[in-house]
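The structure follows.
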C-alpha cells in the first residue's frame, strides 16, 4: 500500500527528512520503548520512505513513543524519527477524531498527584 | 591585412556528402583577407599537409583556416605542420564542419550554409590572431615532501632513486607517521614495523634524501619549477649530530609524568625521550613543557650524564630556506576525537577505547608488551565489542559525512587477531555495512566470520554503560529486529579519520584547493588524481582522501613519477594561451586576482608611461607559469584590461559577428 | 545646518593650517543656494566659498580616485551613505587610504530642487529643515513643504546615519530621514508583464543621450578607460549607432558595477534625462540578496563581492530561463 | 505568388572546450542530429563567456544564445562554471527584467560523455526559439524608427 | 538585573515545593526575580508538528511579555523550560511558524524569538556561579550520596536546548557538589522516565522508572534530585514495589543547604 499524498503530509508536518536514513538502526538501539512498539522507530522511517503510511496509522506503536528525543539526539543522519512518529500520530488524530481517553474516563485514572503535563499529554498527544 | 589560406577537407564522403565543398571554397574566397581557398580529399594525410605547406610558401600565407574535423582531433597536427614551414602554429584555426555539421545534418543545402558560417567565423577569428610564443621557465631539480609517514617516505624514496634530491619535512621528532603505531596490517597480517622500519632506514641512509624532522614548513612562495620554502626547525635541545641515542638521559630524567603521545597516552614518558625504539633519527628530544630545567631552571641531570655532551638547553629554533622544483603534500590523517559521542561512554569508561589505542595495546612494543588487558584494571577480558562507523557517514556536527574507508578492514583485522590469540574472548562487531572492496579483502572478512567465529551484528549501538563490573552495550540487531544488551569487558570504537589539522594551513600556503572536509583536491578525479590543480603541487596519501596502506603506497609512487617527470625537464614550456594585462587600462582593482583559481595573478607597482604621463600604478601581473588559460579573469575585469590570448574578446566577438550575419 | 557648516569650515581651516592635509574635498557655493558643486579647497583658495547645506547630495568619494598617485594628503567630507562607496574604493585599491583623511559629516537628508520647483516654489533663497517639514525662503516670502515630498530619490531610501568609515565625525547627531522600502519599484516592475516592462524601459532608455554623466558620477565606475572607449574590447562606441547600443551600454554598465554598486543613487541623480538608472542596479542588488544572501557593497573594506565568489549549491540560470509567467 | 518562408532562427552556442565542445563532438560522431541553426563557438571555459558576447550576438541578429559548460563541480579549471553560473543567472534575470524574452537565453551543463544530452538540449532550445520567433524586441530596435 | 520568572501551572499546584524553595533560595542568594504578571500555561507538551500553531500561542504570549519587559525569563520546571525554549527557537528560526503566530497574536511589534529563556540551574551556574554558591552554603549536606536525575526534557534535542552535554551532563552534579553533598553519576540519568504516558500506560512507565532506579542504586545513590514534576510524579509513584527511592526537587536541597528551608 503506497500513499504518496500521505507521505508528503508526514514529511511536511514532521519537517524531517526520512530519505537521509542510512539504515543503521541507532534510533531503535536507543529507544526506551522499543519492546512496547510493534513497529520500531527505524521501521517507521523506512516505511515512510516507502509510502506505507496507512499501516503505520493502523498500528498502536505511536501511542508508546515517549517523545524523549533520544533517537533524534543520536541519529547520525539528522533524520529525526521522533518527529516522524509524532506526525503520523497527528495525522491519525486529525483523520479520525476518536479519542483514547474521554473526559468521562478521567475520574477513574486521575489521582491527586498527577502533574498537569501528564494530563495534557494524555489528552492531546495520546488521545488516539 | 593578413594573407589567409582556407583548406576545406572532404574527409572522403564524411563531409563532402552533406556539404558542398565547392560552395564553401567559393564563399571563403569572398572573405576579406582570403588569398586562396581550395578543397582536398583528406587534409590530414601527408599529401594534404604538404598541400598546406606548399600554399603557405607559395602565397606567403600568414593565417590558415582548415575546415575539417574537430580541433580536438587534428588541431595539433595542422599547427605542427605550419611550424614546419615557419608559420606560427597559433595562426592556424580549425572550423569544425564534420562533428558539428556534416555528421548531424542530412539536408545538403542546410549543411552547406552552416559550413560556410563556421568557416567564416574561423576566418574572422584568424584575421585577428597574433603569433604566440610559448614561454619557458627553469626547473630547480629538488623536491620537497611535506610529511614523513609512509606516503611521504615512499614518494621521497622513489624520487631519490630517480636521482633527484628530496627533502622530507616532518613535524614530529621522528619519521614514521601513523603507520609506525600500527601492529599488523590487513589483509596479509604482516607486522607493520617489519615493512615500515626498513623503509625508514632506507630514507635516512639515502644519499639524495635529507630528513628534516621536528620541523614545519612556514611559508612557500614561487611557482612550479621554482618554489622557495621557509622551514622552521624547532629546537630539540639535543644536538642531532652528536646524540647517539644511548638512552642514558631517559633513564635519569626525574620528570616521568608526561603522557606518551606515541602510545596515545596509555602510558607515560620522561621529559627527555626518544619517541619509540625504532625512531629515526634515533635521537632524544626534550619536551619544553614538562622539562624541569626549561620550566624552572632546576635539574639538568640529563646534561650531566650525557657522555657526548649532546644536550644544549640554549638551543633556538632554526630557519631553513630552500628552493624546490616540485612540492608533494603528504600530511596524512588523524582519528577524530570521539568525546562528542558520549552515549558510547568514551570519556566515562576507561575500557571504552579507540581502534588506534587497541593497536598500541596489542603491539609487542606497546605499553602492555602486546598483552591485551583491560585498561581499567589490567585484567584479562572475555568479551569485546567493536562499534563501527563512529563519526563516519555522520552528517551531524559531531561526525564526518564521508566513509572513512579503512575501518571495516581494520576492525575485521582486530577481531580476527583477538580471536586468534585469545580464543576464549567473545568478539562482537556492530556494523552498518561491511565495505570490503579490494583484492582479498572480502575473503579476509569472511575468514574472520567463518574461521575465527567473530560475531557480526547488523545494527548500531545506542548506549554503553557500566553495570555489574561489565560494560553493557545496548544496541539494535536489525536482522532479528531486537534491542539487545551485550555484556562486554572492552568496547572498541572505530573512529572516523580526518585530514591532519595541518593540511588546511599547508593547502592555503600552497594555494592548493581543499574540499569541505579539508582533504586536498586533486586536479581531476580520474585523469590527474595525484596532482593538485596548482601546477607543481602533488598529493600523496590520505591528505587527498581516506586510503589504506596499499593504496597509499601506490599513490605515493604515482606522485613520485609525476614529480620525476617534472624534475627531469630542464625547461618548462608554458602555454601561450594565457591571460595578459593591458597595463594602460588596468586600474588594479583586484577582481581578477580574487577570481583566479591558480593564484596566477599578482600585483606590482609599475612605472607606467600613459601617453606621456609617467606614474607608478598598481598593475595586475599574470605569472605565465601558473596561468592555465581559463579566462575567468577576463570576464571579471570591467575595463577589458585583462584579456585571454588565443581567445581575445575581439576574436570571440568577430566569430559571433560572422555567425550572426544573415 | 548653518552651525554645522561653520563647524566643518573651522575644522577644515585648522587641518589646512596645521599642514595635516594639503587639500579639502568639499562643496563650493554656486550661483544659487541650490547648486553647490564639488571642489578642492587649499590654503591658497581658502574656504570662503565653502558650503554645506541641504543641497549637497553629491558623493565626493570618487574625487579621490584621481588623487591616487598624488603624494598630497586630502581630507574628504563624506555623508553616511558616501562612506559605503569609500569602503568599496579602498577594497578595489582605487584610492590610497594613507593619503586620505575622512571627515564624516552629519546628514538630515538632501533635497531635490527640481521637486521643490515642481511644487510651484521658485526664487529660492534659503531652506531650513524643521522636523518633517522644510521651510523654503524665496524672494516672494516663505513657504513650508513636507520634507518627504522634496527629498532626493536616494535619500528616500536612506540607510541611516552610521558612517562606515571615518577618521573623525562632525555633526553625526543629525537625524537622517526615515527610509521607505527601496525595492518597492523593482517589485512593481517585476510584477508587470514582459511587454509592460519592455515598454517601460524602452520609454526610459530611448531618452538617453549618451552624455555619460551616470558613468562619470558613479563611484563604482572607476576604470581608467571604460570598456566602451576601449578599442580592443569589441564593443567600443563613441556614440550610439542604435538604440540597441543604448540598451547594451546600460545593461553592461549595470552588470559591471553589480555586486560593487553600493546603491548610492548618483547615476539617477545626475541623469539630465531623469532616467531611473538606479532601478537597474537595484535589481542586481535585490537578485544578489535573494540568490546569494544579503550583501551590502562597502559595508566594510576588503569584502569579497558575490561575483568573485560562488557556492556549490547556487541556483541555476535555468531557473530564470524556465520561470513561469511573463 | 509569394512563398511563406519557414523561419530559420539564428542560434549561437558557446561551448567550453573540455566538456560541452567534446559533448558536441560526441553527438556528431554518434550522428545525433539537431537543427543546423545552431552554430558553436569554442571557448576554453564557460567562465570565459562575457555577458558582452551574448548581447553582441543579439545585436548582430541572433535569435537565441545558449551557453554550455561542464557540470558544476566538474570544471576543468575547478571553479569557472561556478562563476559563470552566477554571472548568467544575474544577466538573464536582468534581461527578463527589461522585458526581453527570457527563453532566448539559456545555460546547460553538458559533459563530454553526454552527446545525446547535447543533441536533446539543442533540439529543445531550437524548438523554443522557433516558437518565440524572430528576436523582434532586440532586433527591431536595432535601427531607430 | 531583575529577572522575569515563569513558574508554570504545576508549580502552583502539584509541585509547590519546587517553586517555594526556589524563591527562598534566590532571596538568600540576593538575586532579584519578579513573577511575570500575566503568564499563561506553556501548553504542557511541545507540539512537534510544524503546522500546529494555535497550541504554541500560549507560549508565544508568555515569551512576548518577557520581551516587552526586556528581561531574561527564568524557568524552573523542566517541561515548561522544554516547551518555552523550543517554541522560542521556532519563533526565531522558522519563518512559517513565526509569521502565522504573529498574524494570530497581533502584538505591537512582531515577536521574533528575542527573549532569552534561562533555566534556574543555568542561572546558578552562569550567573551565581557554583563557587559562589558553595561559599554561601551554611548547611552543607555532607555525606549524602545524591544522584542527579536529568530525564529527557531538559537535555534534548540538544541542538535547540543547548543546556548541557546531552550524553554526559555535569550541571546537576556540579550543583550537588556545591551544596556539599556527593554526586553519584549513573548511566540512566539522562534517559526518559515515560512521564508523557504516565496516565495511559502505567506499565510502560513503571518499566522505565525501575530501570532508572536500578541504575542509580547500583551506582550507590541514596536519593535522587530532579527539576521535573513529571519525573517526580513518575519516579515517586510509579516504581515497582520495593524499588522506590527518595526523590526531591533540587530547589528543596538548595534551600536546605542555604538554611532557608
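Assorted remarks:
Going by the order they are written in, the chains are A, B, C, D and E; count residues from 1 in each one.
Going forward, a residue touches a chain if its C-beta (ideal position, glycine included) is under 8 Å from a C-beta of that chain, and two chains touch if they have at least 3 such contacts.
Only a predicted model underlies this, so the values are computations on that prediction, with no experimental measurement involved.
Shared contact partners of chain A and chain D, listed by label, are B.
In this assembly, the chain whose C-alpha centre lies farthest from chain E is D. Counting C-beta pairs in contact across A-B and across B-E gives the higher total for A-B.
When each chain is reduced to the mean of its CA atoms, the one lying nearest the mean of all protein CA atoms is B. Computed centre separation for the pair chain B/chain C is 47 angstrom, with centres defined by C-alpha atoms. We define each chain's centre as the mean of its Cα atoms; on that basis chain B and chain D are separated by 36 Å. The distance from the centre of chain A to the centre of chain C, with each centre set as the mean of the Cα atoms, comes to 58 Å.
Within chain B, the positions touching two or more other chains are listed as 343, 463, 595, 636, 649, 652-653. In chain E, the residues that touch at least two other chains are 166-167. Residues of chain C in contact with two or more other chains: 227, 233-235, 307-309. Contact annotation for chain pairs lists A-B, A-E, B-C, B-D, B-E, C-D, with touch applied as defined. Residues 20, 22-31, 34-35, 40, 42-43, 70, 74-78 of chain A are the ones touching chain B in the complex.
Those residues of chain B lying in contact with chain C across their complex are 582, 584-591, 594-595, 603, 610, 615-618, 636, 638-641, 643, 648-650, 652-654. If you check the complex, the residues on chain C that touch chain D are 189-190, 194-202, 227, 233-235, 242-245, 247-248, 251-252, 254-255, 258, 280, 283-284, 287-288, 291-292, 306-312, 314-321, 323. Note for the complex: chain B touches chain A at residues 343, 389, 393-396, 399, 432, 458-463, 474-478, 481, 483. Considering their complex, residues 12-15, 32-33, 36, 63-64, 66-70, 72-73, 82-83, 86-87, 90, 100-101, 109-111, 113-122, 124-126 of chain A touch chain E.
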